[in-house]
Amino acid sequence: MADVLQSVDVVTIGVGLTGTMAALELGKLGLKIVGIESGAPRETVPDFQSPAIHDELRFSIRKAMMQDNVKQTVTFRNSSDQTALPIRRWQSFLPGTGLGGSFVHWNGQTYRYQVADFIYKTHLAERYGANFVEQCGPELIVQDWGVTYDELEPHYDRFEYLLGTSGQAGNINGQIVPGGNPFEAPRTRGYPTPPMKEPYFGAIFRKGADSLGYHPYPQPSSNLSQPYTNPEGLELGQCVFCGFCERYACEHFAKASPQTTMLPVLLKMPNYELRTNCQVLKINLDSTGTQATGVTYADATGHEYEQPANLVLVTAFPLNNVRMLLVSGIGKPYNPTTGEGVVGRSYSYQTTGGATVFLDESININPYMASGANGTVIDDFGGDNFDHAQLGFIGGQYVGAIMTSGRPIENHPTPSGTPAWGLEWKQAVARHYNHTILVGQYGTSTSSRLNYLDLDPTYKDAWGMPLLRMTFDFPENDIRMSQYIADKVVQIGQAMGGTSIIRGGTTRPYTTTVYQTTHNAGGAIMGADPNTSVVNRYLQSWDVHNVFSLGGSAIPQNAAYNLTDTVGALTYWALDAIQNQYLKSPGPLVPK
Amino acid sequence: MTLGRLPSVALAAILVAAPGLIYAAMAQTQSDTPAPDRGRGAIIAAQGTASGAPACALCHAFDGASDGSGAFPRIAGQPASYLATQLGYFASGVRNSAIMSPIGKALSAEDVAAVTAYFAELDVPFLPLAQPDETLVKAGQELAKVGNAARGIQACDNCHGPEGAGEPPVIPYLAGQYASYIAFELQMWQSGYRTSSPEEMAPLAAKLTAEDVAAVAAYYQQVRGSDAIVAPQ
Amino acid sequence: MVKVSRRTVLKGVGALGASVLPIAAASGAAEAQQAPTPEAQPAAPAPTAPPAPAPSSTAPSYTYLFFNTDEAAFIEAAVARLIPKDDQWGGALEAGVSNYIDKEMASGWGAGERLYRSGPWQAGTPSQGYQLAFTPAELFRTAMRAINAELSQTPFAKMSPADQDTYLKGLQAGGKDLGGVPSAEFFAELWEATIEGFFSDPVYGGNQDMLSWRMLGFPGAYASYYDLVDQHGIKFDRAPTSLAENIHGHITLDPGIPARSP
């Protein structure tokens, strides 16, 4: 049936952020690597150039860079007593497709997690007592990662220097640095490039936050503040604040992406082969089920191939990583009734919200002068940066004015009480467009026994494979957390001079019909215990030692921040283990 | 004005000369700053100033189209903000020119506001061109509109607007600019003599070969924003 | 391709002062208000947005590829109420939103591109999103057929504006079945399409003459603000630039059959 191809050392399922990093790192060792990408090839020149790249309808609304729902989607329900139905169009989150994956259309917001986030269970028990999490919600699952911040720090550093991230350090080797985030985990050195210019909305937020005693700092950005040559020898440009980042690709070489930071080097390697428009159908296992023999994929004509490989790296979008493990029978699927099994367990998301702050007409925000990762934020309510003892919830959110654009189909705010359409609506849109600031809240999504991923029993993708089924709602804990912070955000909005403020904050039920975030996390989480994790601390499958599952799917619970920086650090951490341990002696890196 | 990309008079009018102060002034005092005196600007263009600046018209022509030699740029219709910024750069030494540097120093803030407002509002015909080298123009067009993948060069139009029409108030038009001026300035960036826009233009210029420079200059020179000259479909 | 000159558009609506204005101003009669002469005092921040070319008194005429005559009459009348014109700015009808929706419905979008279309279909919860078997084109056609049948005595387009608003609010409130399409779903899709057509690039057949962009002060597709982003609070009123614009200030598109997405 399937044509059997010549065996290679490594195959990556997906060529986005983690697939590119892995191939580049292992390719330098001379290994023969095949990258299989379901989408099309694309390059900064000519594919991302003006004027076509600045088309809001095509990219933001029609979502031209995202996976085609016709071919593949996810089914969804809020709770397991409902029937999951297909997400027929992406709205809430936007998995990308094409060479470079979602790392092309991201905004560039580049946060490290904090020390406590990696030892979350231990930390919360030490600070608040062993029963605190249970009191916040009996359904909550909180786990340590099996890796510590100190172990990851060199990999965070390396990843940020790959990207050229622009930011202001707040803590270098324990010394608090003015102007940065005083809550940040200690870094060994500053960012590779200085922070971006502060737009007006950021400056107004800074003033408001300052007046309330908070600690504003420039959002770390991988849209660069100045030209930068990364360690791969690739030159990145300077961001011009065009306001077309998120859901777009950058024409200026100014946003870190596989195209700007790695691919030109990788694609020149004779031992690397890229196969685009090819859909991996499953990972093949040997008769014992403990070792992968390679993958089976279909090319664009539907012809199937078997690609044998010594090492299989699952490097797709987090949701697709989980599905690949499930359809391949790697790891025991999670059973929400018994609580047993691991694959699909601990799926988490990110809580979002925020206030819309309407200002006087004399204040011209010019929101279209923006970058995907510019702006000013505070971390005073992030993670466990504030005392939760009397609050009855765990978790937190960072808060900031980080408007990414003024693109008008998406951005035309009107104050409360404005009719939904008609003349009054139109005049309110014209009145407020240039005089409104969105202050966002982005934060923790706590894993729950009730939230999980499995294979849908009914709906299939274009290749006849079952779709992934998502069962998810925000735990009440997360709602309490977000609503608590929403009050603080309203106070900031008032301090910013808001003449009218729409309060935000996460609410239940979670809905797939409104964009929130593409930080889907977990489902194939890492950990120290094979009974509660899919991969070990090196992101290696507990069950099939030559399969590593890289990416956001490994994150046990989303600890507030946008996860790209952490995904990059985890990937370098895992690749280091592959290079220095696994390749020398293939087998489980941690005894089961 | 056929370039169609000029800033509104409101924006042009509030510019003052000192670079760096320009936008602060825009932000804080836009309702207080008097409009520049274009009539006075015309006089400066024609006669120079008592402070020692010679008449602009000597090189740029009274209508800002310059003499066609290509030694001097066309400045008619260029955004006032851009022109004022460049005059400031000549005065401060960011740009160096034996001719322009003393002029930049001699002009007062009011002079700069007046004369840049004067030239910004001019809509003048383009001087006739010699038959362009089609191969060169084609190569230049490719760079200008698409860029070069292998060398990581983005399209010039990304910032300079559709067909080099400019993005006022900051980014100048290239369409119809003299090829020898465009080429000369790119060479100044390449050699490090021109230090304005160090993080935008210098890295880009460094990636261009001599052939690229000639091509892109040749291309933009023959793009002309007059309705009288409509490019064939 | 037809070249639509902004100058032509401007003349066509008899905008003020065109003869004394630089053509730059044609892209936004903005400048017409703001002192083409050096003597004027243009620097005051405009308390209100600069005006559009006066709203056209006659409805524009489009070559509809999808809508039949009755459907076109409904859509034109409906979008004119959803985003009405006023004495300063044209509304959705003047911006060509009916033309935009027509072209989208006639295109792959109308046919359901990027829409997971496999069954089984069943009603879901609000948080599960769209779960109807209709493509957008089928949904619009089915709903409009039902509306036009219901209103056969007095078609929507012939109602008074007040009655039109009441009828639209009835659709929005839901509870009415339009041949299998819940009226609230149809209203939501119609409103979404109206927003898209009003604010998207003119290459798609709506937002003609960049009407909405000039209303907002959104500068459009060509965008490079490194030197301006930290100049806080500046009044930035550069004329907007469309994707399809060229050096001549023309927007190169066929007003009847524009580009399509994606």
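Chains: A, B and C, in written order; residue numbering restarts at 1 for each.
Just so we're on the same page, contacts are C-beta pairs under 8 Å (C-beta built on N, C-alpha and C of every residue); 3 or more make two chains touch, one makes a residue touch a chain.
Here the structure is a predicted model, which means the values were calculated and not measured.
Taking the mean of each chain's C-alpha atoms, the chain closest to the overall C-alpha centroid is A. The chain pair A-B and the chain pair B-C differ in C-beta contact count, and the higher one is B-C.
Centre-to-centre separation between chain B and chain C, using Cα means, comes to 36 Å. Computed centre separation for the pair chain A/chain B is 43 angstrom, with centres defined by C-alpha atoms. In chain A, the residues that touch at least two other chains are 50-51, 238, 240.
Annotation for chain C: residues 45, 222-226, 228, 232-236, 245 touch two or more other chains.
In chain B, the positions touching at least two other chains are 157-159, 162, 200.
For chain A in complex with chain C, the touching residues are 50-52, 54-59, 61-64, 68-70, 73, 76-78, 82-83, 85-89, 91, 197-200, 203, 238-244, 361-364, 366, 368-370, 374, 406-409, 412, 420-423, 425-427, 429-430, 433-434, 458-460, 509-513. Chain contact summary for the complex, chain C toward chain B: residues 1, 3, 5-7, 22-28, 30-31, 34-36, 38-46, 222-228, 231-239, 241, 245-249. Taken together, the chain B residues at the contact with chain A in this complex read 145-149, 152-155, 157-159, 162, 199-200, 203.
Residue ranges of chain B in contact with chain C, taken from their complex: 1-11, 13-14, 23-24, 26-28, 30-39, 41, 117, 121, 123, 157-159, 161-165, 167-171, 175, 200, 223-227, 230, 233. Contacts from chain A toward chain B in the complex involve residues 43-46, 49-51, 226-227, 234-235, 237-238, 240, 251-253, 264.
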